[in-house]
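Dropping the structure in here first, questions after.
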Amino acid sequence: MKLTLSEPKFLKDSVSIISDLVTEASFKITSDAIELIAMDPANVAMVIFKLLSSSFVEYNVKEEVLLSINMNDFKQVLRRAKANDSVTLEIDDNKFKITFKSNTTRTFYLPMIEVEDKQQKVPDLKFKSTITTTSDILNEAVEDADIISESVTFIVENKELTLIAAGDLSKAHINIKADNDTKIVCDEEKVKSKFSIEYLKKMIQGSKISNKVMLQLGNDYPLKIEYMVLNKVQLAFILAPRVDND
Amino acid sequence: MKLTLSEPKFLKDSVSIISDLVTEASFKITSDAIELIAMDPANVAMVIFKLLSSSFVEYNVKEEVLLSINMNDFKQVLRRAKANDSVTLEIDDNKFKITFKSNTTRTFYLPMIEVEDKQQKVPDLKFKSTITTTSDILNEAVEDADIISESVTFIVENKELTLIAAGDLSKAHINIKADNDTKIVCDEEKVKSKFSIEYLKKMIQGSKISNKVMLQLGNDYPLKIEYMVLNKVQLAFILAPRVDND
Amino acid sequence: MKLTLSEPKFLKDSVSIISDLVTEASFKITSDAIELIAMDPANVAMVIFKLLSSSFVEYNVKEEVLLSINMNDFKQVLRRAKANDSVTLEIDDNKFKITFKSNTTRTFYLPMIEVEDKQQKVPDLKFKSTITTTSDILNEAVEDADIISESVTFIVENKELTLIAAGDLSKAHINIKADNDTKIVCDEEKVKSKFSIEYLKKMIQGSKISNKVMLQLGNDYPLKIEYMVLNKVQLAFILAPRVDND
């Protein structure tokens, strides 16, 4: 296989975000796309990443390849890519070969590793509510909640999304109404689920990919957060809810 | 009470600076202003803060309120305010309620606490010298002294302000002459006092409020540092001198 | 002696870089220049610094002076210089006196110390290859190598400079071809030497002085890295090779 990107941004940003959640993972490289579906070690979060062949200036994949690597090593290498470097991905002598080209040619070789559970599947989820908003609004809301507590409750009700974080004595309510920036669809009168802020903070880094985000929710049900650039890249996360007795 | 600021800057910056000196404090909210007078826990520094009602777009205070809170919690909340957020302060169900409004509505509730010595009074001081200069000049002088020693001596003599810091083997002299930027008035031939640089570094953060600063000095006497924006905000500090045997 | 620079940049940047390699050193101040030749404490690296009298607006040296000081103290003082400060260097009462002048006058006094081996000599080296390139290209190459290993091999062959860093399982090749930016001269078919990346990272800070750099190399031989601004300043480093058994 030989794949060349004319600019490294989407791959670089995505790998950087993913490496905060999963340390080792497998990319499946098909004739259509580079894909990754992986669970974090605590089994709380799933990452779904797809970089479409249409993002590449050269995309030559003869047969499907499963490329298992240490995500942190890959992130370290991609951080060395400058904005105007072209990036070529190959497999050479059982090593993963990454080449940056501008006025110099810089080649990195990373070991391919053995990963268990290579073939994760995206679970079939039925959400009750779908919200599209700007990445900024979601980022601010999660960061607001972060100063108060370690978890935050998402409530969709009356065309409004409300995030509630409660500490021992302090509390935060973030209220986001449907408007030009924010579309809220909900099949039920009220939908409510609670999530870890630590995980959310890693996922909202997806705002580097797109300034739009889609949220999908249910009642005490997983949250799906999705960043997408049409015909280029998709980065999505599924986060298990916190179900507690309060 | 209900108080609304159209932009959070003065409150946000002031609370951030004050929280470096005092951890818990009481705001007195009168029909004219929000005021705070507090000593640092070591009783070396006093903070005097006043945000005038004319800074607010809505200022509704029926009776004087004493609002005691943890300054660090308040700082954390105010840091979440964006430049174009309006900020509303209320008391709701015995909690301090802070609301930020822009495209979203974000509400924080902080506990009100018990504070000893709520009613600090500004001491009646008679200074011998008054200097007005730019915040930059004072900031640079304090930071210069900081690389040499933990204390710095302020001397006013011959229409000049000199800061002297002496280490074991090193020394710094910062000489500031009266000119267009700097006015120096002194009732005595020479005035001299020594202060802690650690405290000064916290106080000169007041340069975020105004690019002008007023210093008032005496002989082995407290220093008053004052930042002010006319009809808006006043942030002043009184720092006890270091009197040593040299 | 009395020496005045109209702007502190070259002295400030050079002393900052040198202080990362040597803690105490002697400047020789002659009628032509301020010079420093010093070894790092581990005897692996030599620094050669020369700030020519033509850089100064005032250069008054009656007899040669040997000025031994703590480089870190000197760096701390020079960091306080603002871009538009004039800098005057003097010896006053057996102290090293540094004065910054703009709207204020700020004077620092540092102790002069005793240094062993004051009079280092630059060794007489015969290099096989000389390369001139941009500081950016060298910086990127060293930083690329840094993510893989603690040492890097420089190879000059076929009008190309290649840097190779090898980790346990990972590897990086940085290939720099002769072109408009890069001139490569080599007296032998192939030249190869290995160096510590930790030291190289300190030396490439010389890019603050000039965006051009000259490299001189041999076989298992020291590397000389030189940054120069004509008629102003020269900052060069000699780095001993790592000779290992592979």
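General remarks:
As written, the chain order gives the labels A, B and C, with residue 1 at the start of each chain.
The rule we apply is simple: a residue touches a chain if its C-beta (ideal position, glycine included) is under 8 Å from a C-beta of that chain, and two chains touch if they have at least 3 such contacts.
In this text the structure is predicted, and so the values were computed from the model without any measurement.
Taken over every residue number at the interface, the positions common to subunit A and subunit B amount to under half, indicating a different-residue contact. Fitting subunit A to subunit C on C-alpha positions gives a rotation angle of 120 degrees, to the nearest 5. If each chain is reduced to the centroid of its CA atoms, subunit A and subunit B end up 44 Å from each other.
Counting partner chains per residue, subunit A shows two or more touched chains at no residue at all. Looking at the complex, you find that subunit C touches subunit B at residues 73, 76-77, 79-80, 82, 95, 103-111. Chain contact summary for the complex, subunit A toward subunit B: residues 137, 140-141, 143-144, 147-148, 169-177, 179, 181.
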